[in-house]
Amino acid sequence: MENIIQNLLNGALMGCIYALIALGLSIVFGVMNVVNFAHGEFVMLSMYFTFAAGAYWVLDAVTTPLITFPLLFLFGWLTYYLLIDRTLRYRYVTQIAVTVGLAILLRAIAQMIWQAQPRALPYSMIQGNIQIGGINILTSRLIAAAVSVVAIFLVYLFLMKTWPGRAIRAASDDLDAASLAGVNYRQTYALSFGLGTALTALAGGLLMTFQQVDPTMGLRFGLLSWCVLALAGLGSVPGLLISGVIVGGAEALAMSVWDPRSRLLAVYLIFILVLWLRPRGLFGRK
Amino acid sequence: MPPEPILQISGLTKRFGNLIAVNDVSVRLEPGTIVGLIGPNGAGKTTLFNAITGLHTPDAGRVLFKGTDITGMLSHKICKLGMSRTFQVVKAFSILTVEDTVRVGAYNRHGEKEIQAKVDEVIAFCELEDFRRQKCGDLSLALLRRVELARAVATEPELLLLDEAGAGLTGTELDGLMAILTRLNREKGVTLCVVEHVMKMVMGLCQRIVVLDAGEVIAEGTPAEISDNPKVIEAYLGKRAVR
Amino acid sequence: MNTKQRTIKMLPLLVGLVVALIVPLIVGKNQYNMVLVTTVLFYGVLATAWNIIGGMAGQLDLAAWAYLGLGAFTSGTLLLRWNVTPWLGMILGGLVAAGFAALVGYPLFRFGVKEVWYALSSAALVEVLRVAFLMWDEVGGPVERYLPFHRASWYHMRFASYVPYYYIVLGLLLIALFVNYRISRSKLGYYLLALGESEDAAEVIGVDARACKLKALMIYAFIVGATGAVYACLFGFIHPSFFNTAQSTEVAILGIIGGMGIVYGPLLAAIILVSGREFMRANLGSSLESLYLAIYAVVLIVIALFRPQGIAPLFRKAYDWLLSRVVGERYAA
Amino acid sequence: MKGKNWSALVVVVVMLTVALSGCVTPSAPAQPAAPKLPESIVIGSLEPLTGAHAVFGTEAKIGTEIAVDHINAAGGIKSLNGLKLKLVTEDAGENADSAKLGAESIISKHHPVAILGLYISRMTIAASEVTEREKVILVADALVDSVTTSGRQYLFRPAPKASQHGASAVQFVVDSAKKAGLDFTKVAILNEDSSFGRSNATGAMDAALNNGLTIVYQKEYPYDITDASSIVADIAAAKADFVVHCPYFTDAILFAKTFRETGNIPKFIVGMGASGYTDPESIQALGETAEYYANTFSYNPAKKTPQNEKFVADFKAKTGHIPTEAAGMNYYAAWVLKEALELSGQMFPTDPLNPDNLRQAFLKLDLTSGPAVETYPGDHIAFTPTGDNPDAKAVVLQVIKGEPRIVWPLEDAEVEAIFPRPDATR
């Protein structure tokens, strides 16, 4: 029993990071209705940047987002103007084709630069564990989860309280009306895409404190974040957090009580069931 | 004793979250007539159409078509029963040609053997001869509206719902459309229900008009009665004044 | 259309068929080239089958290798357990794949899962099956199951050369093309194209979108499943790694690049892109590692951005031009 | 749409022709004429150079390259008038079909006498269908037991097979515990869920039962696992004395970090099947966390023989680190091949490169000295008819002060094992 609580806790903490990853996707898909199949590859790229910053400048993984966040923002911003902007007038099929192409490209580039072998950073300064009763909490997960929650809250405030945030939300509600009200959709879209991409930098930094990265990692995070997004539904930032925790918890539970391989099964079964039975997601407003 | 209505809507309600788009609407359509459905933007006309044709499931109320309860029935089954529609925002089959688009509608009642004859007939009827081999994606809005009408006509409906078929058309195009609709009504006996903003078309075509505002029926009557109705004037002008 | 025009229009088909038939005579000696052309045709079959659900019905299915794997496992398991010939396994594999497609497709379409969500759920399906078969030790499991090794046996569909496989895959390709062609000329085809453009608009003019999509999905799954049986024999084993998301996505990409809903489009894309990819792999592979992947990706992005309707229309234009030059405007298509 | 559909098929035809003409390579004569020898003996290295397994394939290729250089520098095949070896390489991709394609490609382009490769068992068996058909000797560096049990005639595997690795890992711990006077009875067995992982685990389980140990925990997990904390927690709950683990690569790093982070470090953790804990890349990625981890190996980089020291020095000069298992296996495999060619030259002077003759030579090999044995884990090389060497032995490496050191078998040990782990928490 203790073991199950232990595993659920680990899963829930992991789920907070999933929520952070899905938040970027949610902004991109929710606001711009852009189907980004390369989101997982952005996470992978962030992790590699973190690795590079850690390996060459001897930074601790947790501090690397200071550098990688602006870098990824710029990357997302450029990606928007170079690729995504052109796809807006076509059907979603074209968007998928373009973003899948981008995903393959990023994977290939990562493989060329960092080779296929997984890369990891040495022990981070936030590693260790805290014992509470029989429960063993990993410090890195705890801090990662805390940072994720704070980041999600800050993004929430940004969307609710600041002018650019309102512009993003306005564009998500009704593009035509927002354009009339003086919102330049291109800038807003570029901003959203940049922000959505930059958030993966934060997640990447946190993940690298306890995980390794390899070029094929993107697919897994991509599907995972779509799953969290589907479960949460569009437009609910706090809902993402709950969904992330549900997915993380389900994963950990499946791994410990059923079979370690069933982790994916649990995640995808949730995903498919949600699509069938509640396409709006648990907290969606659309 | 009035004849059996072709469509009878009673107490129809459709909500989206907290928004009540259509509230307790009851309407009767007599066979062979042309009825106008008007109202300001956001009055719930399109939602009402969607609820009738099965694209939305209504939250309450019933829809009877030729005496059959079609509430919540799938659109294609309703179409088989003899009702079709067009859309406010044109939904063209851009990669199909005009001819093939009409063919899709014609398959509703015809097998492979008679299909070509039917397609030819509808294309002639809707005066689309010159464009039959063009792709819908390459056509102008006015023509697309005509093609939408044609593919609906090809299903051989008894009742046809037209959602702003006249929007964005020039005067000549409008006259052409009205002529086709009149012929459709007279020659084929198709009952028409038109949602329309273009008053010329509403007044010129319809025998009876239903006015919706904020999801509710606020007036019903002949064109003359409606144009004098103070509630209708308020609904329109009131809205405009707010803007 | 007079006889001469018809002849001109059938000409490409005949020439293509003749060339396809004599390919082994030209390159049959070189097994590597044989396996290359077989691979190209193999992707051609998958992409052509995909055209039914993806191109015509507009459902971006990313689960090709899920059905392929089901076909391979059905046929392979039947052969291993009960010594059932893969020739029969092909049909049974196709049926299992189609049945599974119905099982999955019915609720998906019933609950209106579409567009990006359909794409994602189909991608997830591949992963689900991969994991499920990894865990299902009686049939799958992590250890490869090798089909009985025979130097050559018609009964076991094992041959010492790729030439027979080439003809089997060519046969499947012709079937897939024929099925596509027939569908594109039938009520189902027009219905699929219509609902692929707008489901609502198709529904209100009498198209039963759910049933049509389900039919399309099942036909596609059947062809892909049958191909899976041949795939298992070609490589001599079955393994859950057959359920491959990246390769499934590639099939969809070939369909998109070829031109959605155009019968010969996906085949064209498969011929150009797959042979290009294998050429690059052979020539850049060991020296420049991932470069070919990058080039492949860039080509993909460029085509998707600047030719969103696919490459097939370009080829048709080129052929029309060629015809008008050779036989005069009158017979040009 | 009428009719036009087919028109573009002409273009298909054109493309097919273009695609094919690009593929066609001038075909060389199929077999060298009997008495006349070629200018050099072509051997191939077919390894996964791209994709998920590229890390192993690249090492393997370097190992083979160095071996060929050494063989040629030492005078080539002496029984064939000092004929030199010529190495050709090809990428085998990352899955079975690309492996098969790679095999077809390298054979049709270069007609090698023998091929070394393909590290990944699934790929090896797929490619071996091609080498069987074309009668090309395949010297395999893939360890799964079933590679040699599927009835291949032209396949030989000098390296110890996976179940030998599993058994060695357990035997090492049992020996070390006895030596340290500890009573180890409870073992946890972990493996990633490929056929390789399972083969290793099977060997370990048999060895554990033979040694009277209790298997208190046994788990198979996917190699792309991202969170090992639940498994580590379960191992702690099962109170295992030591863990025998067959990781792939990424997961070894993940598990090592998680053992440390959760503070649930068992008294010993030994890896089986080479990949994982003691690879230079893993040590680099793990930093000090790699300390005390042990791993079985199909190659002994510390073997104190002139040939081995030469190889290690050359390898280090080229790559900056000591040879990994993949490199070592291919190095001695190339020497084994060289010895077989020598023998074939003696046995069949008229047609030494005939695949059936070369196969006979392989089966007749009986080596106890020479460069092959000097780099080999074990001191006797001879093949059974299935192509295995029953006298192959896995060695155990342990990371001590950041360097992998040979600690077992005791007679080959470089240093004494640090046993049990000083940082064990229970």
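By written order: A, B, C and D. Residues from 1 in each chain.
Keep this in mind: a contact is a pair of C-beta atoms (placed from the backbone, for glycine too) under 8 Å apart; a residue touches a chain by one contact, two chains touch by 3 or more.
All figures in this text were calculated on a predicted structure; none of them were measured in a lab.
The count of contacting C-beta pairs peaks for the chain pair C-D. Compare each chain's C-alpha centroid with the centroid of every protein C-alpha atom shown, and the nearest one belongs to C. Computed from the mean C-alpha positions, the centre of chain A lies at a distance of 45 Å from the centre of chain B. If you average the Cα atoms of chain B and of chain C, the two centres end up 41 Å apart. Averaged C-alpha coordinates put the centre of chain B at 72 Å from the centre of chain D. Taking each chain's centre as the mean of its C-alpha atoms, chain C lies 35 Å from chain D. Residue positions 100 of chain B each touch two or more of the other chains. Multi-chain contact residues, meaning those touching two or more other chains, occur in chain A at positions 111, 259, 261, 264.
For chain C, residues that reach two or more other chains under the stated contact definition are 131, 134, 260, 289-290, 293. Two chains count as a pair here when they touch; such pairs are A-C, A-D, B-C, C-D.
Those residues of chain D that touch chain A in the shared complex are 50-55, 58, 193, 219-222, 224-227, 229-231, 233-234, 237, 249-250, 253-254, 257-258, 260-264, 281, 285-289. Interface residues of chain B facing chain C in the complex, by the touch rule stated above, are 53-55, 74-80, 84-85, 87, 91-96, 100-101, 103-105, 107-108, 112, 148, 151-152, 154-155. Taken in their complex, chain A has these residues touching chain C: 29, 35, 83, 86-87, 90-94, 96-98, 100-102, 104-105, 107-109, 111-112, 219, 223, 226-227, 230, 259, 261-262, 264-265, 268-269, 271-272, 275-277, 279. Contacts from chain D toward chain C in the complex involve residues 1-13, 15-17, 19-20, 22-25, 27, 49-50, 54, 89-91, 93, 95-98, 100-101, 104-105, 107-109, 121-122, 125-126, 129-130, 133-134, 146, 150-151, 193-195, 197-198, 220, 222. Contact residues of chain C toward chain D in the complex are 1, 5-6, 9-13, 15-16, 19-20, 23, 26-27, 29-37, 39-40, 131, 134, 142-144, 146, 149, 151, 160-161, 181, 184, 235-237, 239, 241, 244, 262-264, 267-268, 271-272, 275, 278-279, 281-282, 285-286, 289-290, 293, 312, 315-316, 318-320, 322-323, 333.
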